[in-house]
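When the chains are written out, they are named A, B and C in that same order, and each has its own residue count from 1.
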């Protein structure tokens, strides 16, 4: 058997299955017709333009962007010190702490959203917006800790020790030695967190209030009512955005080294 | 490693408290909901849940689909991962990028695509009819098949990534050596590749199984109310009947099944190792 | 970009606080159906008049009631529109307050059955709809509710889930076609259960049907007349059945949440929505059939609505109290016979 040929056949089939549907979505979005269909009925960009005219998409895009950016930043603010502590200090009960911090990854998102709604938002009268923000932060925290930890483990401790011996404070050593060296890891964690948060559905399913929805939830609601290709167009635009960010990150910081 | 425990604790505490207060506490209360009755603590909610034939069907369907998706993705994953590692380094990196690409695309978009492809007038049916394999379009949407296909596409990349990482750590000449010694491909896989990549299989298997079990959008859109899975049942119980006890039971089942899957796979991996 | 983000962020976090701070905000809870039209014809014009802001929450009735119930101590929603039986359920739970109809200048113009369908002025009907079967006239003919389970439609029909507003009425009519007389749904539920494999899906939102029809997944489904607009121009030959057993249907009502503290503005909004002008606009856009008897529309429009006192009086409706009281046992039967 020609092993080169079989290699390419296997890869070709796998990629067709994995990426083919996405190409079909793009093609369907370019349709000039009014219905989602493949092959498209004529070509036009009108559905891409329509995406920008739907007001609820604009509002929910803002919400999702805000959550993805500031939720990830908040997770990093909490996660970087934790990662630093866990890789550099003997923390009492380190395993328990690790388990607690990474628990949001283990529990299904829909349960997180429901639990927050029922036992946090409603009894404490917290706004849905704040709950969404906190939930997304909690969700990204495990990624932030893990990715940043990985990049700290690669950093040799003796540089910090040298700095400390030369009279640097511990914070000074962290700021001057550690931080510059884990920049790539932090950026990688940010991107991973951003993409995770932006595409997140189950957590946000129960956490939506009057006039407040994340973009994926809004897309589901829209496509239940309208069977036009604008959701396909929006999906394509979002995918290009995500892919663009990830590729840029790969190019400039070598994202895959950290993930 | 620094010795100062106090500083370590102080640095780790904000994150731990945050996760505990905002996450473990509400989830814990939700999970306890099913054990609390008017007369005290009880397991009766679980008995009631499993007494319903509908709930049994949903439970076994979820288990079946998640297992099937994990198993099939392992088979395809091994073939694809082996193909990827056998490429020269530059195309290997590119191919790896292409395989991970779908992970960057919103699950809503990916599921939506299947709606178009699997429909009665969709792409798959058109091709099958054109090829003369079937006479009239067949129903794929709102069946377990549709949910299976959707889940497989959603989670296969995770399996491939895990297996590729595992294979990259495999000694380079292990496979050629076994071939020279006269082993056929099945023997090579069973005696060489599988033992050397089982960690990757455990990680990938857990990710795919857990992911399939807890996916919401795919069963919701491609399965609908006729192919309920635990996650869609949970959503329906809460939104339709405000039934938090059922939600609590389902939540517990999902968490327990995820953990068991992980333990079981780890067990299998070490069992092979010790032999 | 950054400004948009900052604004979005600020509104995200401050939304609930802002809603309470600005006294000219009205928060309403409505069906997710036809929101673009409602915004253009109802919300935007009202915002102009009152100088206030309308915040809209959408979703199905049960989801929205669950949220109203969860927040009953500090109501977020000021007014909501619900089905009659859901409104009655909410009223029984003490989530609603009587509407001061004396303050509604348009109340007298409504059809009698819309004036106080729940008793105690707990709700005011603002639209009716007939429920019948929408079908592909090139593929099948539907003359009876029993045709839904006919061999021609096997594998080509969607049925409303029992938990939807269309579910019980559709089962009720199916029961009539099978010779039942009362609101006992045992026989029709059993019949649907036997044919469950022939039913493509049990739909939860009627909006979903347009897509299924378009993709030729289904040829027929019981549906409320309010959704007819989604089908009639989809490029396929569509028809609205007039079954031998008649048509069923429902009424939607406006309700006022208890202790919302925003009663004046909510009343003003209700009155606006019930006015001849707005009811006519909604009718002409084929969004909602009018409950205001003064609304006059062209024959063309009327043909697409549930219009006129006569039509309304012919609808064979399940009483809201029946639906509310029987719902649990229907659901139980449904879960054992149909979902299996």
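We adopt the following convention: a contact is a pair of C-beta atoms (placed from the backbone, for glycine too) under 8 Å apart; a residue touches a chain by one contact, two chains touch by 3 or more.
Predicted model only: the values in this text are computed from it and were never measured.
A.B. asks: Which chain lies the greatest distance away from subunit B when centres are computed from Cα atoms alone?
C.D. replies: Farthest by centroid: C.
A.B. asks: What are the two chains with the top count of C-beta contact pairs?
C.D. replies: A-B
A.B. asks: Centroid from C-alpha atoms only, then distance subunit A to subunit B, rounded to Å. What do you get?
C.D. replies: 18
A.B. asks: Could you please state the distance in Å, as a whole number, between where the Cα atoms of subunit A are centred and where those of subunit C are centred?
C.D. replies: 37
A.B. asks: Going by the contact rule already set, what residues in subunit C reach two or more other chains?
C.D. replies: Residue numbers touching two or more other chains: none in subunit C.
A.B. asks: Among the residues of subunit B, pick out those that touch two or more other chains and give their numbers.
C.D. replies: Where subunit B meets two or more other chains at a single residue, that happens at 115, 121-122, 238.
A.B. asks: Residues touching two or more other chains, restricted to subunit A: which are they?
C.D. replies: Residues 118, 223.
A.B. asks: Quick one: which bits of subunit A touch subunit C in the complex? Just the residue numbers, please.
C.D. replies: Listed in rising order, the residues of subunit A that touch subunit C are 35, 59, 62-63, 65-67, 69-70, 117-118, 122, 125, 127-130, 132-133, 209-212, 221, 223-225, 227.
A.B. asks: Give the list of subunit C residues in touch with subunit B in this complex.
C.D. replies: 60, 62-63, 66, 69, 155, 161, 163, 196, 199-204, 215-217, 331, 335-336, 339-340
A.B. asks: So in the complex, which bits of subunit B are touching subunit A?
C.D. replies: 1-5, 7-12, 14-16, 18-20, 22-27, 29-30, 76, 79-80, 83-84, 86-87, 95-99, 101-102, 104-110, 112-117, 121-123, 152-153, 156-157, 160, 213-214, 216-217, 221, 231, 234-235, 238, 244, 247, 251, 254-255, 258-259
A.B. asks: Would you pull the subunit C residues touching subunit A in the complex into a rising list?
C.D. replies: The contact residues of subunit C facing subunit A are 4-5, 7-9, 11-17, 19, 27, 29, 32-33, 55-58, 70-71, 74, 76-77, 205, 207-208, 210-211, 214, 234-235.
A.B. asks: Provide the residue numbers of subunit B that touch subunit C in the complex, in ascending order.
C.D. replies: 52-54, 57, 115, 119-122, 137, 139, 141-142, 224-226, 228, 236, 238-242
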